[in-house]
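Notes to accompany the following structure.
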């Protein structure tokens, strides 16, 4: 990976430590505009909901056919007919609307959601996303709505750790895992830094616990030489 | 972003630019947003392309917009009606362009735009004047023609009731093109008979979710 | 037109006079199966509704977005938000449903209507339909839902006079008016006879006031020689 | 033709032929017509292709149909779940075929079938394994892949309430695939919690008009 692909220019260190999942979720929540229509995918991204300002009027979409989804249902609120995309019982807020799957995905594919937040195995510096399949020969492939979300929302945010457990960076020159979408990710939130992505590569927005130069060096050290 | 509740129809159509493509709901007068069209006439935007099922009835609404000379082109399924004298006159005088699109293709091309689809293969109109020059192909033994998305800069629609977020419900056959046009335009303005508090509409019955609606005005 | 194109074989004369519009509408109503979903177009075909057996449960569709349309509205029933495809105020019957235009035409295009009845300028013996445009240079073209109905319904019936005012037959070897659809008409109800159409040409089902042989002769006499 | 009200689920699925393609509604267990699937197991049809969002949960419903060896192929968006052990075992043993389709493409391919459209150009999955071998084209500067209609011989769906004609309303997110599948199959069977007299459902709120429904059974 070359300096052209990750541009650290001027990125400030805004926290003195790498962020944990909740801190990252709070950071993403802060960046979602008031009144935005947002899909939070499945798993870690759903944490963002807990950090949204309830007065900001952010409206959550769930791809199984609902707008204005409320928090997880507890106790008597649990209704088997009301779940989120992760099949977890949820609640409805005033102003909710239900619709069928073709309408829900027309909404996604048609670019009507302002933001979606997804997890990822890998993201390329030009915004390619790999988050549905490890490529392992014995893995059972399963995509759900990931590909529709990746190419549909106006802004696609990824939240992930910057490094895999073995230390290799997950922000890569080129994804080695099977792709979910090409050039579709606009911003990546990681424990060590936030990156803006585009056709010309990545730009660091802010870092947590390292300087931008230290991070770039660590990413380059962990990235295998390009075979092209 | 959540819909803006406008004070009046003038605020609702403010900022419409010359040369815009405007989707106008309604089938005949049912669902036709006449007050919004009147405001568009006052607003003054010109050189418009209008997409609507018909090309104006009598002397009001869309017919008045045509009569005011603001429309360069009409895209519709059925311009010719017993009371479409304004359009008929402009057309015969060569003062307006016309693109006739089969009614279902008109609706589906707007749905296609709203659904992020690049185009669809339609069996409607194959072998007719209305699809001349369009690409055709055989799929599974049947002939189809390629139809492309139809988008608007602005949609003006008439609904029955809105909540303050912008969720809409319609009334009877006045529903017609409203829900489809709401998905297909950059800015969507809905006139309604009544605005209710958010939470007052049954979520099972919302036809146009607020995500599609930019401005709402009660008339 | 040749004998191969209109086959009169065995067609009985079932009325001793040409049928008027109401008699034709009654005939069509008789041929619509109980419980069928039916679209009656605009104009003359809508007369069929008045002859349907109310106990047969035939459901009327109107393309502007309704199933289970009732009779024309009168007096206090008139509601500007409830019209048929001809923009005439109508009523709703129990079991009605409203839907938007894309859904209404998906229903039509998708082959879900059992029968539609349309008027025509011309029909070819192989089922081509011309009913939207006279082709006159000064005519303003207007198609509405005619092309969608023509290619969408499971059975497309046409009702028309067999001869134009100038005596030329409207059932023709090849339409000279601009087409609405190709090979899409299954049956033609006329004042003089009912014809079944198909890829091999027309077959007379029954005649009114003439024998089949007389009719074929009259059609052939009125048809210009083919230019192919 | 107007829907038949069935005495029980066995009557509702009677006549299902071996080799059928069966669309099964539901997203997880919400809207999943388990009693109809149980009846299909009793009915005995085999060599089935199942189109559903998932590939069975736990040991009941679709999972039980798979376990009974009746399914040759599953077309779905998300087979792998924490409780999809029946499917996982069959798949790893090479005893079942799998076609993974992006969730929105799955829904839209069925809508396309129901809407009489020959195919559509989708931006979803372009450049990924799931569209390998499919025709692509650029339209207006964006890449699309051709997706074809997906039809069923039979659809089994779960709705909330039906009237005696077969009009359906759903409940909350259990609506999911039901309305789309109802348009895309030759025979559509709906299980509902309640059957009401015709005229008891508000015509503005009917989600699946009776024209799409062949058989209804209360469970």
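Annotations for the structure displayed:
Labels A, B, C and D are assigned to the chains in the order they are written; within every chain, residues are numbered from 1.
As a convention for this text, a contact is a pair of C-beta atoms (placed from the backbone, for glycine too) under 8 Å apart; a residue touches a chain by one contact, two chains touch by 3 or more.
This one's a predicted model, so the numbers in the text were calculated from it and none came from an experiment.
Common neighbours of chain B and chain C (chains touching each): D. By number of C-beta pairs in contact, A-D leads over the other of A-D and A-B.
The mean-CA centres of chain A and chain D are about 29 angstrom from one another, to the nearest whole unit.
In whole angstrom, the spacing between the mean C-alpha positions of chain A and chain C is 56.
Centre-to-centre separation of chain B and chain D, using mean CA positions: 33 Å. Centroid to centroid, with C-alpha atoms defining each point, chain A and chain B lie 35 Å apart.
Among all residues of chain D, those that touch two or more other chains are 108, 111, 115-117, 122-123, 170-172, 203-204.
Shared interface positions of chain C, defined as residues touching 2 or more other chains, are 66, 92, 98-99, 105-106, 108-109, 151-152. If you check each pair of chains against the touch rule, the ones that pass are A-B, A-D, B-C, B-D, C-D.
Every residue of chain D that touches chain C in the complex is listed here, in rising order: 1-2, 111, 113-117, 163, 165, 167, 183, 198-199, 201, 203-204, 206, 209-212. Across the complex, chain A is touched by residues 27-31, 53, 77-81, 87-88, 91-92, 98, 100-108, 110-111, 122-130, 160, 170-180, 207 of chain D.
On the chain C side of its complex with chain B, the touching residues are 62-66, 79-83, 87, 92, 98-102, 104-106, 108-109, 133, 138, 140-148, 151-152, 178-182.
Chain A meets chain B in the complex at residues 33-37, 57, 59, 61, 66-68, 92, 94-99, 105-114, 151-152. Those residues of chain D lying in contact with chain B across their complex are 108, 112, 115-123, 137, 139-140, 142, 144, 148, 169-172, 202-205.
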